[in-house]
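Next come two complexes built around chain A: one with chain B, the other with chain C.
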Partner chain A sequence: MLRNVIETRGLCKSFDRKQALHQMDLCIPAGGVHALIGSNGAGKSTLFRILLGFLTADSGDCLLLGQDSRQLTPELRGRVGYVNEEHTLPDWLQVQRLKAMQQQLYPQWNDNVYRQVVGNFDVDPTQRVGSLSRGERAGVNLAMALAQSPELLILDEPTLGLDVVARQAFLEAILFCTQSNTTVVYCSHQMDEVERLAESLIILERGEVKVNCSLDEFSGRVQQWMVPAESRELVLQKVPQLLSSRVIEDHLWMYVLDAPPAFASQLKLLGIAEATGASVSLPDAVRAFMTRHHAGQE
Partner chain B sequence: MAATLQLQIKVGDPRPIFRQIVDGIGLAIVSGELQPGDQLPSVRTLGMQLSINPNTVARAYAELATKGLVDSRQGLGLFVGQRKQMLNRGERNKRLQSAVQRCVNEVMHLHFSDEEVLKAMESQLAALHGTQKKGLG
Partner chain C sequence: MWNLFVAEWLRYRNLIVISALAHLLLMVALSTQTNLTHMPLVHFWPMMLTVMAVVAGALQFFNHKRHNNWVQLLHRPLPPERIFAAITLAGISMLGVALVLPYTLVQLYMDFQGSYDIELRHYVFIAALCLQLVAAYMGGAFSVLYSQRLAFLSLFLLWGFLGVSMNINLLALGAVSAAGFGWLLHASWRPDLSRPFHGPLRLVVSELMIQAGMLAALSTVLLLVFQLGWSISSTDPRRAPEAGTANTLMRAADARDLLLAALEGSTHPDSDLLRQQIRIGEAIVAGVANVKSYPRRNQRPELDNNLELGDQEHQVTWHFSHSRMLFEGRHTVTQKVVGWLGTAGFHAAGSPPQDQFTSVPWVTSNGAVFIIDDGSIYRVDLQHQVLQLRFTLAAAQGERFNDSLTFKDGLVTLLSNKNLYLFRSAELLDEEAKKPLAISARLPLPPIYQSELSNYQQHINVMELVDGYLIAVLDNQPVMGTEGDFRKFEDSTLTLYRTHSDGNNQFDNELIHQRSLPSSFSTSFAYKSFVLAPGMHLFMDAWDGVFDNKAVELALPLVYHHFPPLVLLLAVLGCGVSALATYALLRRVNWPASAKITWIVFNACTGLVGLMSLYWGLLYRRELKPGQRASGEARP
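After this line comes the complex of A and B, so read on.
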């Protein structure tokens, strides 16, 4: 039984002088839905291209379903589904022709899954792919990826540009048509989707893995605290857990990471007597975490 | 037949989704909306109803079972248990204190008088007892 669907060790890749992946160590265990997020340029696309064998790393190891990404066999490629926001499909073919061709290519093809997903999107099978709406096109692409019964399904911002109805159909298809032995890696900036779909969260920053834990564990690490606005300088200098802060009228609202249980006493020792803390939602926790990263770049 | 549950999930809530389900079902049991012996929807059904990962529902159900609020009957599903208190007094007190603390943290900067806060709390409790009586009657 395969333990990790994706495994990289010390993976490095540079373009000219810009380092895209920096000693990246990443393990994604088999089973479940894993959200992978990172700001633009965090190294997500480079990682996928190396994983799928389209690009060679400068150094380090990279395993896809346990096989070295530099020597992927066609058989192994058939066990991995990849869907990105472009939904690249041949425009000139009828939907039913395209499906018939795909069905022949994949021995594990599951026609029930195909019909169920396509049914969610109301696609006319005699239509040419080129005349499908953006949502229908995404639906056909997802239906084909799911019907291949992949062991690993990589979805790279697949709902980008979809309307709310198509987006909902897409999410439901992922949740309820995915075979039980499929591991899903889901990249999205839509935190509501991530919260509904995923069990674990991976955050990439500047080519490194910064977070890899369950959703709840991560939101539990971030808290919001409110202190008097005049303590701003003190907080900026003396609170190492600070992620981001802003002054609203008389108060400084700040997000902190991994604050100790006695954080209020820690603030009191600094002379900040009036402080209250609260837990935060997952979207707020992620935003606060990524804001720190942006600030750190300057 | 499984009971229908009118649960609403708020994405972007400080409580994780599984916690919202635990709280929501707990409230439905306390208010009498769910009666002892009622069957809960399957993990898959509730997942579909709320458009969330079924594994999240499974986690919430596991927690409800640990709390003694629901019983699992082999092969049949989950059923609302007889009302009984599983937690000892110390633990109940700890949870009460932490819930009150959260509530105080939430309202302290809203500039209400203590009387106004207590009154709001009392009216919520009265509303709860009201629905409880209706539910039992």
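After this line comes the complex of A and C, so read on.
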């Protein structure tokens, strides 16, 4: 069995003067749901386009299910599902006709999965795709992607613009998928979704992989500490692990990455006697990590 | 693949059905008013359909090209070639239904009804039109799909269809164009649309097409700039030409002045005598001959100008049938065949007679009606239904008349591909004449007139002498003219001949003097496009020469040797700069070495236009990375 569904080595891609991907090394193992997050322009879409062979990297290697992404065969494309944020589907076709067309293309089509997922969205099969609501459209798109029984399913911000009900139904469908052998790469800005679905977390920043570990591991790496507000300057100068900080009333609340076990002692050595540490939630940890360049700003 | 084909049809079904019905209704309405296959509108119809095919191809592929649509289309377990075939075949079949089918149906109906003479060539024309539309559709799609913003300029080549007069040539050009655009479209059909062609053959073919269009566009812009400058400074060479140029003579001189001008600088011993004769004699402007084209058998039907004789008195229209090589007379109301007109005269309705014309004639009228074919002039009396053979060329090999019959001041001029003929118009118009028409003068012309579609203008001025004629011939090739020897610049000569007849149609022609006239246009105007792109210029001249059948002979670029040395130097310099700048630009992109070498060599030949095309392509694809080296290493 394939060990890594996605593997990139030294991947570089730039547009004009902007470097979209820079020496990106990324391995995503088979199985489970892997969350891919990053701020706008971090290189997520560029990575997906290179992975699917719709963009050529300037340099580096990129393997999708073990195959060079520049030369993906039709057979391999059949093993990779892709759902984008716009849920691009042929608007002019009826849902049932679209389904019939897709069904013919994929020999491993699982009609039970399709019906189960679409059932969550209450879609009329005789309706034209163009007349579906955004949520129904997303449901049909996901149902078709899942019914293909793909080995790898790439979801690029699929819940963008969905209402609460549709989002709930969508996430349930993905959870259903995690029971199969499909590896899911889930790209989203919604941290609650990531927390609920994903097993591992990949954070992209300026075209580089900054974090690639399990959710628990990442949460454990970020801690929140509260120190007196007057020690702010000292903290900013002497605490290299600082991610971000904020003064609230008389206290400075700071997020710290990879704080050593004796972090409180380290602070004491700096003359900060009163320091209280606490663990943080994943959304807070990710937010603190992604805003670390603005550390010190209040 | 079939599913994709059907899906594409379903996508556009409403538009196609509405277009087809509207087209059919329009065709039916027009067919009730006129002979659809010969109406003047048909001349523009194929071009209008071609534009629609270009738009259809561009729109269809643009809808697929948008990023997520493109991924959705190509990311499926099907070979890209099959997806391409499904989409393209769907597009072509839709064009067929919307654009070709209504036209064909109406033509079939007209043929079935028998109201008009629908010939095989009309159906061949539809086949050729199909290929033309396929080429246009592919071109439109290619211009949208290919990763070069200027790809749309390749559509300029579709203008080539306008210059083709024969159905069979149109079929060939349509097939070649459709295959060429189809090949390029297929090559640009790949998941990564941001990559340009790197293979030498694809690169050269696509760039030849794009840069030919680019050169045409640039030349047009420069022409407008020049025109603006001329208008502001009131120095338009056409309106206010410099003294001594051909344009001055054409605009201002009367016949006498032109004859005198032809004698300027002459060292002929009779020069003074002739000058005196011109001053006291009566000079005649024999006419301006614009040589257009020979009507040819099975030509495109919409080019059938001057192939009809209208007899209002008998309510009959005589139309020349290419399949029968006879004029077919139809009643203008009932549309029934009422007779035939062949070389022996008029015949009653019935089976077609055997006196067919040996070549497709043309019809002209100047008080009287004449039919002229390759070697004969017939006078037609429609009222009494009499055809009179007035003149036949001696059996000279390969000589034939063209459509330049001009009546002026008692003289008639008619050009063949070898000679200028002068007749007396009174004799030609004489209804009672029994004798064959006598030639007043026959003057051999330079071989350039063997060209079929020469853009030469001839101003012929004649003075009758006691025993012959003085004939001044001003040949003026327009500045944008095209010739087989690749020259495209104004080139004018004024030649004076003295002819003498022995009375037995034998002529003694003496060249008195010939002078070349300077161009009214500046060197920079005349040679602008050559300096911009010498290689492309050669390519386009060759295209004109070969495909438009204008070439007298396939000349080599050595014919450019007579260009001013500064022009040649600038052209070579432009090529050198283009090659060096191409090299410098390509050092900053990550392309295969073979592609870079091809580009450098290609731009060294094509010149500055090639450099512009490369630069804009790189800008469009955002491939110019300042400071990055050819190794492909990314900047830190």
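Following the convention adopted for this analysis, the second predicted complex is superposed on the first by the 289 of 298 C-alpha atoms of A that agree within 3 Å, B and C clash if a C-alpha of one lies under 4 Å from a C-alpha of the other, contacts with A are read in each partner's own complex, and residues count from 1 in each chain.
Keep in mind that, in the parts below, a residue touches a chain if its C-beta (ideal position, glycine included) is under 8 Å from a C-beta of that chain, and two chains touch if they have at least 3 such contacts.
Quantities reported herein were computed from a predicted structural model and do not represent experimental measurements.
By the touch criterion defined above, A:216 lies against chain B but remains apart from chain C after alignment on the C-alpha atoms of chain A.
Contact with neither chain B nor chain C is seen for A:147 once the two complexes are overlaid on the shared chain.
Ranking chain B and chain C by residues of chain A touched puts C first. By the touch criterion defined above, A:239 lies against neither chain B nor chain C after alignment on the C-alpha atoms of chain A.
Of the two partner chains placed by the overlay, only chain B lies in contact with A:281; chain C stays clear of it.
By the touch criterion defined above, A:74 reaches chain C but does not reach chain B. When both complexes are aligned on chain A by C-alpha atoms, no chain A residue touches chain B in the first and chain C in the second.
Those residues of chain B whose C-beta lies close enough to touch chain A in the complex are 9, 11-19, 44, 47-48, 51-56, 102, 105-106, 108-109. Residues of chain A that touch chain C in their complex: 12, 14-17, 19, 22-23, 49, 52-56, 58-59, 72, 74-75, 77-78, 80, 82, 84, 86, 88-90, 92-93, 97, 101, 104-106.
For chain C in complex with chain A, the touching residues are 3, 7, 10-11, 67-72, 74-79, 191-195, 590, 622, 624-626, 632-635. Listed in rising order, the residues of chain A touching chain B in the complex are 32-33, 168, 171-172, 175-176, 191-192, 195-199, 215-216, 219, 226, 251, 276-284.
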